[in-house]
């Protein structure tokens, strides 16, 4: 790598360079940020990636479409279900299969549960990044309930591998509805506590309000999607603009703010948890009867062509671009992962802020490092 | 004057928000019932795993040491990362025909990603997930398992 | 704009453009030399306003190397796919669009890292994931000598 | 053996049952002193007494340190819906002992480019400062190592020296994280020293003395937090906040800030040297809480209202030592609650809080208190 080696002694600016990462408590994974400081003020941040690059796109080229699914789990492991779903939707669209209603509703329910658990982990780890360690345990305590729901139906807690082209792997567990309702009841009770501990806390306000502001035009130019983009007023919810699964039959609000600072990126996620609960409320009692999967051929061959499919993950827009040459394995698979695009804005956001704000901004963008490295 | 009122208001609102947070944490402190820790090794006897939990792939055998596996190798084809290796052998059946049966169904647990494709695609339902999750061993070789028990046979009536 | 209007719009921009109706989106093929001018026009023109770059995909077609841009308008919610390819495998050079869409910066670095596609005028074109001695793994002729087999 | 002289004399001279000693240590210590004087020359008596007191404080330091580490882990666990240490001994009470043994056996990793003398010196400075403050605190009636007539002044002066240890640690480690942490800590402790001093000065005005024993005695008819009306309460709150900041704890743990600077000034320390810093943090917390208890909550003085009455006599039944430690541990619990509830402040916000909020309020508060004392409006 052609590193720009900066000699501290000869540099006129006398930059103080510290490495945050590869192992660091607040990078949430294996990522290295080379930070140039002046005093405590950040002058430049340069992310160094690739510590956990696994070459998923290359591996996909030698696997069948059913087998790709289990790899996508490992990209954004907090949104494993959506990662599965995007490939399935692309394949189903390419084959022009009509998916049963039951599958659509199951996928939507699972997606929203995934969104809630992902945002809960965000809430937990963001609190911990800012020094409120207790948040982490409260967040994980409630997240466990969602993971139990996942485990009961899919057999996996985080890496669910629940989708398959044409439907889902297994039918919903008989306890599913009961458990989800229990969880929603519990979560509605504890969400105000979350607000008491963090959202309304004056120290939290000091640490986040006005930190790392992002304007609408910048958000669009940098390709910031998801709650981070919507905090800047960028209406980018794929569920609204290009409804997939059962999102066209539920009512929900797209959470939009204009300020675009760390606090509103946080707030957008907390509000999205409430919206997700509303969506689940609308669907949980009317899961249509029917088959949980379409009977597919054992070997799926996509017609020659190019397919692009987007879904909304908790961190933004996830796109999959499949080029098929008619074989049973894809010719080229490219994932447009939300974190990868969101990362590009980091340097722009943190310039001129303190090193403590770097942690705050980095946390508010909610990165999952394997999603960047793929 | 207004600035002084704002200054005092800031202090009041700030302190109130802090006290609200402390109310939540101190309430949890005084309510031992809210503890969610599982005392894992102690509760092994009473621990109930969820039935679909993916612990490892097994091949269920009945009392007569019979299984469903015909040795077709579909699980091997479907496995994304080569954790399954099916070794079959040809034997002569009683009526003099050559027949392919399973010799060893090798399952590499250390490589398995628990995608569930082998269990789902098996045409004779020979494979299943068990909920056993304590797989830690000191030797990597122990993670390579042979799923069909020694001396086991194909269950009568399972289509070849 | 719907697909037909889009096709007409592209014809009006440059009559040489090869506009095709894809299965999902309008697909436009341009030579590498024209990418930057076309991109800046698409970004600026009020009636199209492709202000959001979804992703940049580098593709190895076996003999050619290509770049595929997925563009979207946040105002009109229409999408277009811009394709470009070059036969030069040794020194494939495309114009960088990172001055038009900031997000292209990382996407182009990724394409450079994994496929060896170079982008002219890119502010900081370095390997992103791998070190400089590594080959370009997403090329079809890539041979991994250090592959670990179980 | 020589000490037993005093105890025997004392016990034989005592009229009441043996446990009366927990209510008044004065005659016990006097008797020991007299016994030693009988046995040896005044010089050796002083030396022996210093050794005895030193050993007692070392033991006290270790026990309190270990207990506080355990208590913090349990408190934070209960706050976070966890069980906390529960493996070693009943309720895991031996966990910290095991931790200590582990830390004792761990390798002291030498840092190649560190300034070795200062690097090794830093933990001791922190520890010594701790001991110097502990000496001045009255634990019970007569249980008091030195009763200086400028007690509060001494406590403030000595406790602010611990910043030297932290700065040395950060500087000599030759690590970027450590240096940032140490510089933060320096700015923080120097600023908050002011608030601590002024908050204590508020009570000094009320008590009319700096001597800690006199201050405690002055609370016989009621604790200063009740006697001094609202100004005393404000001073108490400010003292707790500033004290928490001075111990580098709670929402003010910028010097460590594990999500930013991994471990701050003690990033490069290992083994028992790290344990010194770790223990010193907890002892600092004990010191802050015990001074707050002494100054505002009456120290070892039981809860009294007004002159002699039935309620006061019931309260007197609880020995002063228990009163002292109960108050101290309650305040420690509050400080722990701070730490496990609040997010961390940023360095500039930390200084803003001090210079724009705590200090002005404190000065106004001091004036009001002086006025109240002048007019004789306090109880």
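Letters A, B, C and D name the chains as they come in the text, with residue numbers starting at 1 for each one.
Note that a residue touches a chain if its C-beta (ideal position, glycine included) is under 8 Å from a C-beta of that chain, and two chains touch if they have at least 3 such contacts.
Please read these numbers as outputs of a predicted model, since none were measured by experiment.
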Pair of chains joined by more contacts [C-beta pairs], B-D or A-D: A-D
Distance-maximising chain from subunit C - centres being C-alpha averages: D
Subunit A-subunit D separation of Cα centroids, rounded to whole Å: 46
Where subunit B and subunit D are represented by their mean Cα positions, the distance between them in whole Å: 51
Cα-centroid distance, subunit B relative to subunit C, in whole angstrom: 41
Whole-Å separation of chain centres (CA-atom averages), subunit C against subunit D: 65
Touching two or more other chains - residue numbers and ranges from subunit A: 134, 141, 197-198, 201, 203
Shared-contact residues (touching 2 or more other chains) in subunit B: 18, 21, 24-25, 36
Contacts with 2+ other chains: residues of subunit D: 79-82, 340-342
List of subunit B residues in touch with subunit A within their complex: 13-15, 17-18, 20-21, 23-25, 36, 50-54, 78, 80, 113-117, 120-121, 129
Subunit A residues within the subunit B interface of the complex: 63, 66-67, 69-71, 73, 134, 141, 144, 148, 151-156, 159, 161, 164, 169-170, 173, 193, 196-198, 200-203, 298
Subunit B residues touching subunit D - in the complex, by the definition given at the top: 11, 18, 21-22, 24-26, 28-29, 32, 34-37, 39
Interface residues, subunit D side, partner subunit A - complex: 76, 79-82, 176-177, 180, 251, 253-254, 257-260, 262, 340-349
Contacting residues of subunit A [partner subunit D, same complex]: 16-18, 24-26, 40, 127-134, 136-138, 141, 197-198, 201, 203-204, 206-207, 354-359
